[in-house]
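Common to both upcoming complexes is chain A, partnered first by chain B, then by chain C.
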Partner chain A sequence: MHQAHEMIVSGFGGQGVLSLGQILSYGAMIEGKEVSWMPSYGPEMRGGTANCTVIVSESRISSPIVSRFDSAVILNQPSLEKFEGSVKPGGMLFFEESAMIRPPKRTDIEVLGVPALQEAVKLGKKQVANMVMLGAFLQRCPLVQSESILEALKGVLPERHHHLLPLNKQALMAGIEFAFRRERSSKRTLAGPGTGIPVERHN
Partner chain B sequence: MNQKKEPPRLMKGNEALAEAALRAGLQAYFGYPITPQSEILEYLTEHGAKRGAVVLQAESELAAINMVYGAAGAGARAMTSSSSPGISLMQEGLSYMTSAQLPCLVVNVSRGGPGLGTIQPAQSDYFQATKGGGHGDYHLIVLAPSSVQEMADFVFDAFRLSEKYRNPAMILADGALGQMMEKVSLPAEGSLPPGDKPWATVGKPASRERNIITSLFIEPERMEEVNLHLQKKYHEIQQEVRYEEIETNDAEILLVAFGLAARIAQKAVELAREKGIKAGLLRPITLYPFPSQIISSLSRKVISFLVVEMNAGQMVEDVRLAVAGGRPVAFKGRMGGMIPSPEEVLEEIESIAESYRIPAV
Partner chain C sequence: MARKAQSHLPQSIRLRSGNQMMAEGALQAGCMFFAGYPITPATGIFKTMIDLLPAKGGIALSAPDEISAIAYCIGASMRGSRSMTATSGPGWALMIESIQYALMTETPLVVSLVQRLGPSTGGATQGAQGDVLLAEFCTSGGYTLPVLCPTNASECYELTILAFTWAELLRMPVILLSDKETGMTIESVDFSSLPRSTAQNRPSNFAFRDLGTHNRTERKGTYYFDALHEIPPFAPVGGDRKVTATGSAHDKQGRLQKNSTETIDVLKHLEQKISWRRDDFVSVVSDLQPSATTLVVSYGVTARAARSAVQQARNAGERISLLVIHSLFPIPVKKLAHALQGVDTVLVAEENMSGLYRSVLERYCKGAKVRGVNKIGAMITPEEILEAVFEEPWQPA
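== the complex of A and B ==
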């Protein structure tokens, strides 16, 4: 793993943006890594765009505030407009397919559209779309083991919601599987240059 | 202090601070909600009473600080917390408490001003925190955390120092440190035993004279005596100075920054070092007492200073006093809740390096 991974998670309030970041941070902490989770707070949380910066590192994190990101997880159109340009060249951008009218244009980064909401609806609860997204992210960018994420869920979810743990696990697995299948198909058919779609697994 | 630590938790700065206060033997908390520190009040409301603390939401910040005044006078380990506009309202009470020589902890999770301002993080309360803030010749003891871990740890230090010197102590944080989550190892409960407070007004036994707590000394001769005593105390407090040095050994450009700005400055130092510029960082941990001596001695080794703050330039004045004209002291700041990026700070470092033609390695 790169020494530090700096990412932004952004979308509308209520899409589970902050909890996605928090679960990832918690999982990284369980693995003994250094983490920081910096939320946007204030008026934008109440109906507008919410985001959090997550940094996972093998060593002490200096600035918890960064303006360029190794990866971005984008759940709505305004967030894409705001952060597409802030992904470092060679970085990764994951976006919720159903939320974009204008998809990302960058070709110098890996871009993966994820039908997270659709997968979550299939599972019967659209609120777990963030976990589908997290699964897809982790498949492409294995910062944290999925076992640690499941462990983290127990810590982050209040106990009265622990009956939802299996559903969250299913959602996470659906995301992992989606990204895995996408990798395999891109390996077969899209090995050419300029596709913007990666052909190698990271783990 | 022997503080045994348990496994780390992922917590917001505000929550870590509140939990640490309970572990530090907090007996009385009075506060009033204001973003971005309301989690402290919320956390203590939920957990305080169960763990033996009186927790009360006052009708205003004025009421809250005067409740702290009363509780401290009765010998309780007392605290309040607020954010910038609320802290302004508490200045009268803090002036009274320093004159009456009472310990307490005040937490300022500061935000952009002046006025009602913004709820975004800022460091523009440095002057208010370190120079007195209210009327009269006094200082608070001021600690500036720069991580969630320090948000927790400094509660213990602040209570200890404020009780040792019978003077209010402040933790000066900012909205980002309050809202962000990091790994934190919480100090153990009971590691800060209650000290002797023979001055507390807890009922007069036959064995001693009446204890009187007041800030009114109407004869100027007596008022001057009180002032001389306070000044002697502030002189002694200088020995409590704390700071962190990062890459200062061979530094040619020395950054000085506290709190969140120090984290950003540290990243800028890392980026500068990658480019072969010998930058370093001095982070004041106590803002009062201010680490003037180390800055003065480092000024004989470095070529130039760069002070980074989330304000229009406040601590930079104390750095310039310490440097005493010996070296140029540049300033980089953002105001009103804006946070400088590490890249912005790096640009300043590069332009200083350029102007002094410090050769890249």
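== the complex of A and C ==
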């Protein structure tokens, strides 16, 4: 891992954008790292745009705002248009497959489309799509151990939702597995980070 | 390289927002009364106080509006409780009448003002640093009100304790000027590194007598002082002494009067009690470099971008100093003068349109060229500060 990993998570309000970032931050904190989670959203309760900047660092974080990101997790089209250009060359971009009419075009970064919503629906609750996304992210970018994420869920979810912990775990695992399978298939084509070849282009 | 997840996280490290830390700082400072009216982005303070204060034996009230909220707090403080309220720009506009009343009646009070984009209801979820002068110059007559401005969650805690100490010692309202990003960003906070002290007490009749600083045998009125800068000993409303509180011009007994020498003295005293002590009531973080020719001055969340920018500029070989100001008012004139030695350019970075704090700092920066880094609608990035430092587009290494 770098000294600091700076990422953006962005989508519509209600997609679990802010909680995805918060769970990741909590997990990183459990592992003793410095974290900063900065939310940004509109005044609407639901349906507005929402994003959060998450920084995970081995040392003290000075600025919680950054203009360019090591990775981006994108859950809707407007966010993709806004943030695709802000990912550092060689960085990573994860996006919700079902949400994009115009998929990302960058070729100097690793791009991974994740059918997170579809996986979540298979599990019976589309609300856990964000956890599928987080799983896929962590498989490609192991900032935090998945055990820490499960630990973090206990801290972030209110007690009354703790019966949903197993489902969230399943969703996380589904994401990890998806990215793992994609990795294996892409290795044959020598794609991936550092090769300059995206894992997959969605045209 | 798989690392084992550490589930044995030290108890002292927790994830907290600036708002939560402000509330926890207030509890540590001995705040026993909170009244508020929810408003984004200050609601986190309100919610945390409602959650935690009753268990500490204090009272946390949800007021019907901001005017009532601050009025409740003033009442509680007059009775002797350390009190606090929290709001944002639109609520602050409603509180301005009452904060002047607190100043005039020499009532200790802490008001947390978590800034959002204005004017009017503006952008509820949009950060800004546009209330700096509205906070400071909210009184008719332009009396100095202490304004403390944290840059991160830990400082929210520390400066809240400091705000209570200042409010109590000076017997006046103190403003904690936060902003949406500082208040709502969640960070890892190591509680073991935070101060354990509580806020100091307001000077009471007893304290004065015990210290022997005043050989007064009897109390000479609610606002009695000998020298203009003296802080009158506090006696609670409803106690064994008569206390008169009025927002109108009054003498040292609290009797309504106008234009008498004593009344004018009371007004001068309201300013003197802080301006006489201005060199003691200072909180800044100076990161000065010998022979630096550029000084970056910043506060609040923008100070963090400034810190990052200064680090990057130094890595690029620039000799540059940084002054992060917590106590925006009274202006830390001596610390500023010290930081200005040998400096020919001052950059003041703040998230507002016209450079509000720069406009009051300029007169203390004689001999240096003062420029602003300003922006509204989004936070100032380290790159934007670097571009101002080098006066050309910044190419990251």
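One rule holds for everything that comes next: the second predicted complex is superposed on the first by the 183 of 203 C-alpha atoms of A that agree within 3 Å, B and C clash if a C-alpha of one lies under 4 Å from a C-alpha of the other, contacts with A are read in each partner's own complex, and residues count from 1 in each chain.
Going forward, contacts are C-beta pairs under 8 Å (C-beta built on N, C-alpha and C of every residue); 3 or more make two chains touch, one makes a residue touch a chain.
Because the structure is a prediction, the values reported are computed rather than measured.
Because the two structures share chain A, they can be overlaid on it, and in that overlay chain B clashes with chain C. Considering which of chain B and chain C touches more of chain A, the answer is C. In the superposition on chain A, contact is made by A:Glu31 with chain C only, not with chain B. In the superposition on chain A, A:Ser148 makes contact with chain C only, while chain B stays out of contact range. In the superposed model, A:Thr107 lies in contact with neither chain B nor chain C. Of the two partner chains placed by the overlay, chain B and chain C both lie in contact with A:Pro64.
By the touch criterion stated above, A:Ser185 is placed in contact with neither chain B nor chain C.
Put simply, chain A uses residues 22, 25-26, 29, 34-39, 41-42, 61-68, 155 to touch chain B in one complex and chain C in the other.
Chain B meets chain A in the complex at residues 8, 10, 35-36, 119-120, 175-176, 179-183, 260, 263-264, 266-270, 339, 341-343. Residues of chain A touching chain C in their complex: 22, 25-26, 29-43, 61-68, 145-148, 151, 155. The part of chain C that touches chain A in the complex is made up of residues 2-7, 9-10, 13-15, 40, 123-125, 181, 184-188, 301, 304-305, 307-308, 311, 379-383, 396.
Residue ranges of chain A in contact with chain B, taken from their complex: 22, 25-26, 29, 34-39, 41-42, 61-68, 155.
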